[in-house]
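Pasting the structures in now, so scroll down.
Two complexes, one shared chain (chain A), two partners (chain B, chain C).
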Partner chain A sequence: MKQITLLTILAAAAIALPLVIGENPYITGILISVLMMAALSSAWNILGGYAGQYSFGHAAYFGAGAYTTLILLTNYPTLNPLICMAVGIIAASIIALITGAIVFRLRGHYFGLASIAVAEIVRLSVLNFDFTGGAQGILLSDVSLWGLDLNSKNPFYYAMLLVLAVTLGITAYLRTSKTGYYLQAIREDQDAASSLGINLSFYKNKSLLLSAALTSVLGSLYGLYIRFIDTSAVLDLRLSIEIILTAIIGGVGTLWGPVVGALLLVPLAEMLRSNLLGDALVKAGLVSETSALGIFLKENLAHAHVLVYGIITVLCILYLPKGILGLFRRTK
Partner chain B sequence: MSFLQPLLSGILTGGVYALAGIGMSLVFGVMNISNFAHGDLMMLGMYLAYFAFTLLHIDPYLSLVLILPTAFLFGYLLERLFINRVINHPHQNQILLTIGLGLIMSNTALLAFTSDPKILTTSYSSSAFNLPGGISISAPLLFSFLITCVIIAILYIFLSKSTTGMALRATSQNREAAQLMGINVAKMSAIAFGLGTALAATAGALIAPTYYIHPLAGHSFLLKAFTICVLGGLGSVVGAGVGGIIIGVVEAMSATYLSSDWKDVVVFVLFLAVLLLRPQGLFGKKGGQS
Partner chain C sequence: MIQHLLRISHVSKHFGGNVAVHDVSFAVDEKQIVGLIGPNGAGKTTLFNCMTGFFPVTSGEVIFDIKKINDLRPDEVCRLGMARTWQRVKPLGSLSVLENVMVGAFSVTNKTRQAEEIAMEQLKRMGLTDYASKSAGSLPIGLKKKLELARVLATHPKLLLLDEICGGLNHTETETILDIIRSIRQRGATIVFIEHDMKAVTSICDRIVVLNSGEKLAEGSPEEITNNPDVIAAYLGGGHHA
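Moving on, here comes the complex of A and B:
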């Protein structure tokens, strides 16, 4: 009962948030990024956290959704975006099934390696084909989404929130369902799971497909929201790693871990990118603006967010391998 | 153009790939760790060769005398400080740790050396030997290949004859049994990682005269090194050697007959095909995929 009350308050707060902050595109933009990363990481968590299959190529499914949607809409501007999303899910599922068919017979390092290889094949193919816009990417200039006011970011805030809620709902359901128990059994000990009659390949593929479909929907939404995509934005290995990192920091295999991870990482990245951190150091009088260090920070800190990600990853694996939520669980 | 031209240049480039692949395979064999920082270690080797050439005016091939021990030490320390702390962790933690270390290396390089690609131009960079039949061999590629052969030969003798080499192979075959026989497996891991790093950096230095030197160059080499290891059989040093040559030839052939845009795709498709048809690799033992 206490949980339901807490959840209701949380949901109400999330729904009311855009009304409270008003029309502030910058803040809303960051909130959308937080929701998207939380949802992406939760979708990854279904496969990586619960089934224990670490995919290092989730950008492929994100890109499949984004590219399918934008390619369809540039060619058929009147198409219903929901149909585009559905086609995106099919594209992502095909990629997922090919990956699953090849690697789920194998164990250990192979799934991780093969997921990268598949993602790289997708990225390079998109880069080399003409209909995908190649290195230039795709710009969607004119689109009407059921007559929504696209100058406001709020519709996308609610769309992302909805997908996050659905993803979390599926994860919560999985935790106590038969499939969920099977997945966790596979994660803990494949041989034991198999000897108890669990069809390993079927359940691994099931969680992969679910995870890929959700990721693809988020890719479609991202494409509609930004209306410009290229391979470095939606298909890069860096995106796949950010998704995993978010889950790791929050806590892999926990329901709320990805959300906690996104709440920490996305604002941090934004602070580095927009140089807020550098400015804050100067303002606090810690670093003089004209000193060599001050100039260096001003010029470089904006590019350093991947470096910071690297440092956080290393520290997290060494000192906090179960993530922030894992920390609380242990003390219980 | 004759069929022999891409074959020959493929073999020569493949030799250097083999060196990187052997380094990764050694680490995998002894420590059972997939090293995702391997490509970035290659990138560091490229920059070491570049700065040895531009600042100290040392020929990139001669600079190996400096790069090899430096990289060995660096790898040895990396293992002692970071990698050995996750040696009994699940695979994914090891992978993420090496990814994190790789991100730190490549992005530090990006801050320090900027994203402008560097080119290492020596007096012989564009010279070539002409063979009968209109085939030409690029001089730096040939030098790199010959040096690779010497290094692989020395490594082979080291692994098969020396006490440390035998201890490394024993650890690779069975870690627990090796420990029971009194081998210091923790030290062997550090040595293996040091050797792997030294081989990666050497491979980087050897291709520096023929490639763009860029902080993110390691990325594509990492995936190539993995393909080589899986093709040869994870942990098999001989397999990695042969795998490197095969990848070099496949790449050169697809660049010639298909298009250079697609050559990486062909390599990754080959990687998936190996996983599908022969997951233990060409030289791996059957059932060794767990």
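Moving on, here comes the complex of A and C:
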């Protein structure tokens, strides 16, 4: 009961937020990034956190959604974006099925390695094909759906919020279902799991497909939102890593961990990118703007967010192995 | 021909040049408890692994319920009704004791509520009810063994393979497990029972198969086995394991 109340308040706050902020594209943009990273990390968590199969190549599924949608819309401008999204899911599922068919027969850490390999193959293919725009990427001039003003960011805020809610809903349902228990059993001990009647490759593929499909929907949404994509924006290994780090820092294999991770990391990355952190240090008088350190920070901090992610992750693994949410969990 | 529930037929298993199991044959009839004994390294666990789809056999056949099963995957074997425990216990560490047993129960139901009921029933039978919400990884070894048994029973197996389920347990713990096995048997279960403790084996088994260096040394009633000169010479007399 308490949980439902809390959840309702949270949902209401999330829905009301853009109204409170008003037309502030900068802040809304950051919020959209938070929701998107939370949803991406939650989708990854179904496979990585629950089934214990760490994918280092989720950018491939994100990119599949984004590219499919934008390629279709540049060629058929009147197509309903939702149909593009569905085709994106099919594209991502094909990549997932091929990956799964090859590697899930094998034991051990092959999946992690193979997921990187597959994602790189996808990225390099996209980079070298013509219909994908190659290195130039794809620009979408205009998009419309149900007469919504898609130049405003608010529809995308709500779309991301919806996908996040769906992803969390699926995860919450999974946790109490046979499939969810089976995925966790696979994570804990594959021999024990299969001796108890669990078809390992079937359930791994099932969670991979689910995770890939959700990730692809987010890719499609992102493509519609940003309207310009290239491989470094949607197919980069860096994106795959950020998705994982968000889950690790928030709490792998927990329902809310990815959300907590995204709430923390995305604003932090934004602060670093726009040099807010450097400015704050200068303002607080901790660092002089003209000192060597001040100049160094100003020049380099903007590029440092991946490094900072890395440092936080190492600290997390050392001191908070169950992520931030692990701090608040009752120990059994 | 008599219909056996399980028939092991000329099964061999080689690991490279190492012959772990050589040309072993025996059969298990319904409602029997068959003991599988032999010194460490005799090939008992390897034979279980071959029977349950974890290792492909090098040659020979495993027939369960008139079906040849040695090409099946472990999960398929389990769902056909032959389930095993592990000599080195394999708890799903970060799941609770209840959830561990529920995972077993999900092989007979798709409903979480029902799986929970089956699991609670097994926990009760095993005396683990008080530990239901504890994490499985935190249990002491005696309770982990009981959990192993509860979890496999939740799959409702027709044939149960127990690999040293009493190994590492003290006398009272061993007695409780043996009592549980006796009560399972009264409900008509069929069991193949790997055990070191000779007293436990003779007290509970209808028949005993003795393995030595991968080969079948003898087979018979507990009385025949304890009086078999070969067994006494090669095994009971020589080693400390029984």
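Note that the second predicted complex is superposed on the first by the 329 of 332 C-alpha atoms of A that agree within 3 Å, B and C clash if a C-alpha of one lies under 4 Å from a C-alpha of the other, contacts with A are read in each partner's own complex, and residues count from 1 in each chain.
Simple rule for what comes next: a residue touches a chain if its C-beta (ideal position, glycine included) is under 8 Å from a C-beta of that chain, and two chains touch if they have at least 3 such contacts.
From a predicted model like this one, the values you see are computed outputs, not experimental measurements.
A.B. asks: State whether chain B or chain C is in contact with more residues of chain A in the superposed arrangement.
C.D. replies: It is B that touches the greater number of chain A residues.
A.B. asks: Please indicate which partner A:295 is in contact with in the superposed arrangement: first for chain B, second for chain C, both, or neither.
C.D. replies: Touch partners of A:295: none, neither chain B nor chain C.
A.B. asks: So, A:16: does it touch chain B (first), chain C (second), both, or neither?
C.D. replies: In the superposition, A:16 contacts neither chain B nor chain C.
A.B. asks: With the two structures laid over each other on chain A, which partner does A:56 touch: chain B (first), chain C (second), both, or neither?
C.D. replies: After superposition on chain A, A:56 lies in contact with chain B alone.
A.B. asks: Pick one for A:182: touches chain B only (first), chain C only (second), both, or neither.
C.D. replies: second
A.B. asks: Pick one for A:248: touches chain B only (first), chain C only (second), both, or neither.
C.D. replies: first
A.B. asks: Just to be sure I read the superposition right, which of the two partners does A:194 touch: chain B = first, chain C = second, or both, or neither?
C.D. replies: second
A.B. asks: Taking the superposition as given, does A:114 touch the first partner, chain B, the second, chain C, both, or neither?
C.D. replies: first
A.B. asks: Taking the contacts chain A makes with chain B in one complex and with chain C in the other, which residues are shared?
C.D. replies: On chain A, the chain B and chain C contacts do not overlap at all.
A.B. asks: Sort out for me which residues of chain B touch chain A in the complex.
C.D. replies: Interface residues on the chain B side: 34, 82, 85-86, 89, 91-93, 95-97, 99-104, 107-108, 110-111, 219, 223, 226-227, 230, 234, 259, 261-262, 264-265, 268-269, 271-272, 275-276, 279, 289-290.
A.B. asks: Going by the contact rule set out above, which residues of chain A touch chain B in the complex?
C.D. replies: Within the complex, chain A touches chain B at residues 48, 54, 56, 102-103, 105-110, 112-114, 116-118, 120-121, 124-125, 127-128, 237, 241, 244-245, 248, 300, 303-304, 306-307, 309-314, 317-318, 321.
A.B. asks: Could you pull out which chain A residues touch chain C in their complex?
C.D. replies: 176-178, 181-182, 184-185, 188-189, 191-200, 332
A.B. asks: Quick check: in the complex, which residue numbers of chain C touch chain A?
C.D. replies: Interface residues on the chain C side: 52, 54, 73-76, 78-79, 83-84, 86, 90-96, 99, 102-104, 106-107, 110-112, 115, 133-135, 138, 151-152, 155.
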